[in-house]
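Once you scroll down, you'll see the structures, which are given as structure tokens.
Below, chain A partners chain B and then partners chain C, in two separate complexes.
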Partner chain A sequence: MSSRYIARRLLMFVPTLLGASILIFVILRLVPGDIAEILVYQSGGERSSIQETQITQIRQELGLDRPVVVQYLDWAAAAMRGDFGQSYLQRRPVTEILKERVPRSLELALLTIVIAMLWAVPLGVISAVRQNTWADYLVRVLSISGLSMPIFFTGVLMLYLLVRFFGWMPPLEFVSFTASPVENLKQLIWPALAQAFYISAPITRLTRSQLLEVIRQDYVRTARAKGLGEQRVVYRHALGNSLLPVVTFVGWWGGRLLGGIVIVEIIFSVPGMGSALATAVSQRDYPAVQAMVFVMALVFLGINLVVDFLYAWLDPRIRYA
Partner chain B sequence: MGPGLARLLASQPLGAAGAAIVFLLVATAVLAPWLAPHGAKEAAFAPYQPPTREFLFGTDHLGRDILSRVIWGARLSLYVGLVSVMFGITLGGIWGVVTAYFGGAADTASQRVVDVVMALPPIILALTLMAALGQSIDNVILALTILLTPTASRTLRSQALSIRESPFVEAARAVGCPHWRVIALHVLPNTLATYIVLVTVNIAYAIVVEASLSFLGLGAPPDEPSWGAMLTAGTQAIEQAPWMFLFPGLAISLTVFGLNLLGDAIRDVTDPRLRGGLG
Partner chain C sequence: MKRIRALVPMLALVLAVALALPAGGQDKPRSGGVVTWFDYGDPGRLDIHAESPLSVQQATAGIYSGLLQYDPEDPVKIAPDLAERWTASPDGRTYTFHLRRGVKWHDGQPFTAADVKATFDRVLNPGFKSPKCGARLKPMVASVEALDPNTVQFRLKAAAPFLPSIASAWCRIAAKHVLDKHGDLQKPEAQIGTGPFKFKRYERGNLIEWEKNKDYFVPGLPYVDGVKQFILVGGPTQLAAAKAGRIMLWDTWPPMRKTQAEELARARGDAVDIYQHPVNTIWIVYLHTQKPPFDKPEMRRAVNLAIDRHELVAKTLEGAGVPCAILDPKLVGDYALPLDEVKKLPGCRQPKDQDVEEAKKLVAKHYPNGVDLEVAVRSVGNYLDRAQLLLTQLRRIGIRGTLKSYESAAGFAVFGKGDFTMIATQDRAMDTTDPGDVFALVYTTEAGSNWGKFSDPKVDDLTDRALKEPDRAKRAKLYHELQRHLLQADLSGIPVAWVEGYYFRDKKLMNHRPGWTAYDNNTFMKVWLKE
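Showing the complex of A and B:
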């Protein structure tokens, strides 16, 4: 891999992240009804001129009365120093909330991907090698079923069964991995399984279709022709090349997973970034939403960067001329 | 039934099953006014009634017939799915193929825009967009189109990139084909398989995202018969009325299942390289 490719790819990282933060900033400013109105009107009662004054006052305090460009530049400058401002609702620094919530969500995402890969790739290989046999049909039906059941259906169903028949209760307090690995895994294994069941389906499907494509290539025929065993042909010659798009896909799904985590965290009461984000969006807590989406974009772009390097390293045709 | 169709059914049993399910879904959506025993918003019955002969799927917390709402929900889901995907995948596809073919600065710039949109997890982007746009079915379609366009552009661009380098494109250029002709007759047809698979799979995806948004309370307005919103109501009442949760959940799963089976079969059929057995 040429150092020029690495440099170019790294140079793209910063503008993309900037672009993403601007995009989310602009979208958030389109939201009708800002935090000042919510804070004032949540106490109820008739709208009065006193409330109008209060709203203006709060807007001034929070700097919401300034032009959007100024607000953004302020935000970006502070963010570079690691200061994401105060959460309107929790009335504490957003950085504190992030430090508490991000590791939990990352752990859940990692656990999900590991579980999903462990069963999805072997199933995909079986399905491809035994194309159009009962094993292939079974794997395909299973994986398509997994893909067909939305996480909010399987998740709630799973939770219902766990509570109803196994006496499982969603934890009242989150236990971190460092405090007690067993307790921590007990809390996260169910949401991870629910999510893994969903995302393993596309991984299985992709492994199957890619392997099917690669297994028809000339060099695979050559490998067979020179008398190699089927195992060696599939695992040494075909699988490596067919896993290339799978790697990209899993990286790409890592980002989507961060979105899906919103739903799974809400269902299983995991106090991670996803559930915090959902609350923040509905309460118009701009600084919290802005920071959390920014962190999600940062993580996602980081994964993409690694995936792209892997891709270029594995497939020389992709490298820049 | 002609021999060709019979052979196709025999070679793609899963695809045939998928086509049957999709046909059922389309029929349900089209015939909803005649099939549904009651109106989707008609709250005229006793709430929380379990499934009986009169109310096959029971009634919900507001005393609405769940069977009717599931049937009307098919229409809503299919409408949102079809419209957003046709807009999103077509726009994105043309965008991706054309920029890939010409390459250069325009291609680079357009892919940087795609990068920015795709840097945000889709559900998060949709959630934020819905909060900004306000809850309505048209806005769900708009948000989904914004979500789908960059993905389609990225996928079809990468395919067009390798097609561009093919000998037959070079040959077409060598015999003096103008660019638009090369794109229309040589590049686009070769992306068709991917386009069709993207469409079928993304209709399913769009239906799921719509339901997810409604599940989070930011999709279709609450009285609309969205399967996602019905699931939220069902989740809250799961102890006393599990049927409220079960039937919309099964409806959405069956729909997505059928669309996925069909998409899979279309992929196998349209891509000749995948036909036949091993070796």
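Showing the complex of A and C:
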């Protein structure tokens, strides 16, 4: 991998992140109702001069009365120093919220990817090497089911079935992995499974189609002609080359997972970034929403950057593209 | 379907038993154990004086005490709390409270009258936004004085139903030294009260935990060692937690629907009591009186006539509600007009044919081709279902509505600013059981939730007179007159029903009695666990 390639990718990273941050900032302010109005009217009050004064005061306190460009520049300058401001809702630094919530969501995302890969890649291989057999059909039906069921449905169904058949549901009290790995996994494994079921479907299908393409290539035929066993041909020679697009896909999904996590975190009562984001959005807690979406964008872009490097390393042709 | 039908009598029996037998009345209380239940949202900020969501009140309920409270064992009665007794002057304008001695804050500091004065100076400060306690007391109270370390005196601007406000779950006493130190009560570390429980832990987005206050001023209380409130935002998660036995109680917003209660009854059987209970909340349809077409009183009358409250309650509340009434007799007794009388009034009477025909004529008079309008609704609970059914009913008379839904908090901002023509459905919860609450909240010119800008001098006058009337019978008469007048006026806030809901408590949870507002009786002061 050439240093020029790395430098170019890194340079593209910066304007992309900047663009994302501007987009987050502007979109949030286009949503009707700001925090000042919400704080004043949340108890169902009616507009009056007192309410209007209170709204003006809150806007002044929070700096919302300044032009949006000034607000953005202030925010961006502080964000570069790692200061995302104070949460309007929780009245504490947003960095504290991020420190508390981000690791939990990352853990859930990682667990999801691990489960999905452990499950989806072997299924894709089975489906490809046993093409058009009952095993292939079964795997394809499973994939279609995973793709057709939205995560919220899978999550609620899972919760319902656990309670219905075992009279049990995952623990409601969150315990960190460092405090008790077992208790932590008891809670996180279920939302991870619900998400993994969803994302494993495209991984399975992609593995299958790529493997089908690769095992028809000359070098695989040569390997077979040399008398190598089928397992060795598939796993040693074909699978590695089929997984390149899968790696890209998983990277892309890894970033998207943080966004999708909102729903499963609410269903399974996981106090991660997703559930915090949902509350912050509903209350127009701008600093918290901006920081959380920014972190999501950062993770998404970061993973994609790593995937690009990985891809270039795995496939030497990429560096010249 | 057959199984569901078969469960209905069982559920009815469970309800009857639950209502007939207050939980744990006949057993000897035992100490120990932890109560588990849930908060429907993450409160974020915890200042009981400055916030208004139920989630905040619920998160801090057991931490603080009031001067007075609604009796945990008989939630209709006002009982002493930090004030052991009180007196009122003959003109009803001066109240003197004599405080308990020897009470300590959770951090060991002594409680005195200075704390009471600091609390009420704070909520009565015109510059301080106090949407619950302050909003109730500011129009009533002229001054608060600490006469000595154990006596506090309130002077009122006029005679008023002051005690229900002082007993309100929002008017809790905060420590002066805590307010001085933290400036407000927003953070967990500022939760220093005199209540039966100490604030132990707030795991944001997940859990609020209280632990027993061993120095509580009522000897022997509380019985349980602690309370855990899980923050469960999703409806399916709340129901799953109830079915799996992870929570012992459902006594918060939103209540269970009947179908959920039936599902729970199937899952938990004899282990739980399921009961139907009022939420002290009225469902209102708002029309803006200063915007067409509802600037015409006859158009408002047409809507009032066309709405079939019985159908709305039957289909969207699964029967759990009291249709038509402005006051619910279950909540305020004889202050409410008898329901038999209410049911005969135009708009409420059944069958609807006559009212619908009349409504059609009124609409046709102003809009021969009918009228199209945008109808606002907050997308919370089952509001969208309610709104859809309402629009179907209005279509029959030529009012063709298109729904515009708002996310919860943004909706309130839109309503508050008056940026709507019609609000399809909005529940308003009462803070106390005083009959005057609903009029002061929705119907007077200055009412906080008079979003449709309704103004009727007679309503203002009757509300004011009833509020100041010390004689109970005369006061009831005034409220009857007010209700009769409102039910036949061309209102902007059309009452659809008093909402009720289904709740449950685990049978091992003893001595729990639901409060008459969503905010009361959630301190768990006298609750104990059988096992």
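Note that the second predicted complex is superposed on the first by the 313 of 321 C-alpha atoms of A that agree within 3 Å, B and C clash if a C-alpha of one lies under 4 Å from a C-alpha of the other, contacts with A are read in each partner's own complex, and residues count from 1 in each chain.
Convention: contacts are C-beta pairs under 8 Å (C-beta built on N, C-alpha and C of every residue); 3 or more make two chains touch, one makes a residue touch a chain.
Bear in mind the structure is a predicted one, so any value in this text is a computation, not a measurement.
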Message: If we overlay the two complexes on their shared chain A, which of chain B and chain C does A:Tyr160 touch? Say first, second, both or neither.
response: both
Message: Tell me the contact category for A:Glu100 with respect to chain B and chain C: first, second, both or neither.
response: second
Field: chain A residues touched - chain C or chain B, whichever exceeds
entry: B
Task: Could you look at A:Trp168 and tell me whether it touches chain B, chain C, both or neither (first, second, both, neither)?
output: second
Task: Please work out whether A:Val125 is in contact with chain B alone, chain C alone, both, or neither, and reply first, second, both or neither.
output: neither
- request: Would you check which partner chain A:Ser282 touches, where first means chain B only, second means chain C only, and both and neither mean what they say?
  value: both
- request: Go through the superposed model and pick first if A:Met149 touches only chain B, second if only chain C, both, or neither.
  value: first
Message: With both complexes superposed on chain A, which partner does A:Ala192 reach: first (chain B), second (chain C), both or neither?
response: neither
- prompt: Touching A:Gln90, do we find chain B (first), chain C (second), both, or neither?
  reply: second
- request: Using the superposition on A, tell me which residues of chain A are in contact with chain B and, in the other complex, with chain C.
  value: 31-32, 156, 160, 266-267, 278, 282, 284
Query: Which bits of chain B are touching chain A when the two form their complex?
result: 13-14, 112-113, 115-125, 127-129, 131-134, 204, 208, 211-212, 215-218, 228, 231, 235, 238, 242, 245, 249, 252-254, 256-257, 260-261, 264, 267, 273-274, 277-279
- request: Note which residues of chain A are touching chain B in the complex, please.
  value: 12, 15-17, 19-20, 23-24, 27-28, 30-32, 129, 131-132, 137, 140-141, 144-145, 147-153, 156-157, 160, 205, 209, 212-213, 215-216, 221, 224, 255-260, 262-263, 266-267, 277-278, 281-282, 284, 289, 293, 296-297, 300-301, 304
Field: Residue ranges of chain C in contact with chain A within the complex
entry: 41-42, 44-45, 52-53, 129, 131-132, 135, 186-187, 203-207, 228, 230-234, 236-237, 240-241, 243-246, 267, 406-410, 412-418, 426, 428, 447-451
Query: Of all residues in chain A, which touch chain C in the complex?
result: 31-33, 37-47, 51, 54, 89-92, 97, 100-101, 156, 159-160, 162-164, 167-169, 172-174, 266-269, 271-272, 275-276, 278-279, 282-284
